[in-house]
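Next come the structures, one after another.
What follows is subunit A paired twice: with subunit B in the first complex and subunit C in the second.
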Partner chain A sequence: MARRLSTLYLASQNLGRKPARTAALGFTAAVVAAVLFGGTLLVQSMQRGLDSMAGRLGADVLVVPRGYEPTMKEVLLSGEPSTFYMARQVLPDVASLPGVAQTSPQLFIASLNAACCTLPVQLIGFDPASDFSIRPWLGNTVSRSLKTGEIIIGDLILAEVGDELQFFGQTFHVVGKLERTGMGLDVAVLMSLDSAYEMARLSESKAVRPVGIGSDQLSSILVKVDPGGDPQALSANIVRLHPETDVIVSSQMIQGVADRLRGLLPLLYGLASLLWIMSICVLAAVFSMIVNERQRELGLLRAMGATRRRLFALIISESALLTGLSAVAGILAASLIIFPFRDLIAGRLGLPYLYPPAGEIAVLILLSLVVTLLLGPLASLYSAVSASRTEPYAMIREGE
Partner chain B sequence: MTLVELKQVRKVYRQGANTVAAANGVDLVIQPGEFVSIVGRSGSGKTTLLNLIGGLVKPTSGQVFLQGIDLWTLNDSQLSAVRNGKVGFVFQFACLLPNLAILDNVRLPLFLGRGRGDGIDRARALLSEVGLSAREWAYPSQLSGGEQRRVAIARALMNEPDLLLADEPTGDLDEETEQEVLELLRRFNQAGAALVMVTHEPRIARLAGRVLTMSSGTLRSEAEARLTRATA
Partner chain C sequence: MTRALAVSTGVLGLLVAVVPQVVLPVCSASIETKAGTLIPMKCFWTARAELAVGALIVLASILLFLSRSRSATLSLCCILTGLGIVAVLLPTYLIGVCPGPTMPCHMGTLPGLMLLGSLVTVAGLAGMVLASRRESQAVTWPAA
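The block that comes next holds the complex of A and B.
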């Protein structure tokens, strides 16, 4: 069946003439698209995760047992399960310090293997009455206080509301699921502090390995500083009062992560720009070669009545078609790695990781497409202008 | 109306520090439906003359008229339209687009001129006339030299040109194929299109109604050329 001739059809036929060369050029452009799209999405997701954490962490200062500062950071950022504790007496002492606006205790317990998860998860006991850290993540999932035996699970825990999960020989009812946080909370299980103490108590008789924490112990104290207060000065006071503790100033922690991220950005954009420029050079050289070896054909097209503009359009269409299709392939390839392996990437990064909304991803796809597609027309511009300016018979003769 | 008129046309090429006049003050008139052949030695300027007639080469000086239109006063778009609609070229080599099937090669001029329709019926009719209707989906590499040349002739006739320009159309063909191609060209000439053919073979040139000789950029009639040779 004969199809209507068009510039695009001629361009596609030309590209099909040397499949190996077309594939090699296409691969170059696809790599540019994949790096642009994949890299930017990765960094944007980390930035978004970080912004989300900064906005919703709530606590200005976190008090943990001495030596557990790195562990606490791992719990917060990647949900690495840990059990650590200190004397509960630290709580009223910290609460009574000048400059403290609010305190809320939490208990961290690493579970044994549970039905939901092939690996231990982080169980977090929090005090619903004083909490200001977990509540913002709950959204509308649970509007009432948690009862004993009820749990809220992180977004990545493989269970649903209404399910029952076993921890330390006891059954818990899932009453809510958190929104995606991009942080350790995604792989954590939350219960009230009372539930956690009860679980710890009953684990002595019901669990293979008891929790080993009493109700006179807790893992961390989240502290909100008075408006205008100095978290640094407060942390010094806390350590002076309780030398067996470490204090994390959250702004410093987030700053540290943000600095790491900021360090990645120039590297990524530098790499993408370098790739883009290199691709332009490679494509320009190859397109110049292609146009040269087709001088006779191009001259013949002019002899048959193709205008300069038509010839220019044909060369540009060919390169744009190549880089356009390669851009789609590159973005598709990056998507096939980034989206299905989100959790693996987040785990490897050890950083908060939240994808931008679909609209922003669509804009990013569009931008990556356009920037990569432009490679072709820009690379072939010189050859196209030069060919369209040459006298038809000169082209035919040069091609002989 | 006169089909082609060249007035004092000169075409000078630069070759390093030297200049070569491939056409040196050529005057020529070709009437509609005429069959003119141009003979001459290699490098005499006959191909340049053919390209000057077809508007493929811009003269250094002088004027080229096609159906009364001074070609080099036209802009690129207008000149391209003239080449597309009024002139058909058959080059020394078939020069088919290797990635297009024969049918697509033949209808290419229609697409380039933004003609109406897809041109399939006309292209098929032309392929049938040149005896290649069974091979419309073959690619140039699958055809013999003679078949390729026949496709090139069909393509040159796609837009029903008033003038067919053929540059050594049988140059690399065996005798039998040469006869087939010449017969085709003559048939289309008899159907109404003027034919200007460049050749270095006097035997082939004599098939034309008028034979012109090109020598060092100067054009003479065969009689003039004979006289010059006799007095030399």
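The block that comes next holds the complex of A and C.
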């Protein structure tokens, strides 16, 4: 049965005739699509993680022992387990300073290798009575206060509600599991401050290596500033009062990370634009070569009745088909790296990392697809116009 | 086309063998029993087994590269498909990796091997389709 010579059929046959050349050209376009989609998704995920953290951190100022500012940032951003402490006396002194609306103490203890996790995890003791930082993350997980011996675990801790976990020779009951936060809380175990002190006390007799923290010590103080108050001025006052402390102004910390991300964006889009322009140049040169090489064939098509518009459509479809399929391959390749290796990427970045909602990802896929697809038609436009304008006789003679 | 496929699966086989050892290594820590003996975690055995599976994929790819007969190509592609499936099943079902989501073998080696194994499977299936197509074309060729 005779096959109808549709434009798309002819275009696909032409591409299939030279598989090596088609693959090489397709690779260029696929790289553009992969960089556009993968890079943008990566940066958007970091931005979303950061926004989520900024919205829920709660504290305007964090007071930590002197020299532990970078450690505290690691704990917050990537959950790097650490143990550090300062005198509890700092708490009432900070609370009594003018401009302080609310304070809440926290205790950070790095666990030993735990059965659930094998690698150390961050144990966080918080005061349920004064807490304003952990509560927003809990949502409906646990509506009541935590009792001694009860814990709430981060999303990446390998246990479920109802399980029992051992820390420092003592058993804790999991009463809640947080949703994915994209930050350090994902690999943390939360307990009440009383539980943490009790665990530290009993670890002297029950654990291989005691915690070494007394109930007169704590790791950080979260401070909420009065509305209209100046966190900078307050932090200066705190350091003046207690020179053995360091103060982190959370807006500055988030701003610092946000600035680093903002610095990445122009680099990413610059690279993608450069690749896009380079691809256009390469494709334009190759399509001009292809059209020259096929003068006779195109002339014969015209002689057999193909209109100028049909010839133009044929060349444009060929390039669009090539870049369209390459865009799909590029996006697929980027997805095969970005989605399965989510936790690895997040861990290596050391930054809060949360994927945008499915709808936004779909829009991003569509945009990357369209931008890459446009490469072909734009690159072959000149060749298509010039081929469609040439007379069939001249084309056939030129091709001889 | 078959030769290009053989080179691709050969590289993938090499990666299946090397990735769990070097690129995305499994956990290096051991579990200490109550008796004080150190035993490797199960991801260690997955990495060992993948070494053998990777080597077999490379061997099958070399044979595929050298094969001339259509039936040999079809058989080798079938074997590659099976080996790809085994490469995926080892870390997911047959042996497994450490269950902790933050463990190196869970975050890196597992998705890496699943990806590589799937690619070998897809390549093997593609080779089978290509080989059977050639076979059907050969049958329909008119006798002289």
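In this text, the second predicted complex is superposed on the first by the 395 of 400 C-alpha atoms of A that agree within 3 Å, B and C clash if a C-alpha of one lies under 4 Å from a C-alpha of the other, contacts with A are read in each partner's own complex, and residues count from 1 in each chain.
Going forward, a residue touches a chain if its C-beta (ideal position, glycine included) is under 8 Å from a C-beta of that chain, and two chains touch if they have at least 3 such contacts.
In this text, all values refer to a predicted model and were calculated from it rather than measured experimentally.
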Subunit B versus subunit C as contact partner of A:L178, first or second or both or neither: neither
First, second, both or neither for A:G305, with subunit B first and subunit C second: first
Subunit B versus subunit C as contact partner of A:I221, first or second or both or neither: neither
Which superposed partner A:L336 touches (first subunit B, second subunit C, both, neither): second
Subunit B versus subunit C as contact partner of A:L344, first or second or both or neither: second
Which of subunit B and subunit C A:V187 touches, first, second, both or neither: second
First, second, both or neither for A:Y393, with subunit B first and subunit C second: first
When both partners are placed on the shared chain, which of subunit B and subunit C touches more of subunit A: B
Subunit A partner contacts - residues on subunit C that touch it in the complex: 1, 24, 27, 29, 31, 41, 98-103, 106-108, 111-112, 114-115
Complex interface listing, subunit B residues touching subunit A: 51, 54, 56-58, 76-77, 80-81, 83-85, 89, 91, 93, 95, 97-100, 103-104, 107-113, 118, 120, 155, 159
Subunit B-touching residues of subunit A, taken from the complex the two chains share: 2, 4-6, 10, 13-14, 16-17, 296-297, 300-310, 391-393, 396, 400
Footprint of subunit C on subunit A - complex, ascending: 19, 113, 116-119, 156, 158, 187, 336, 340-341, 343-344, 347
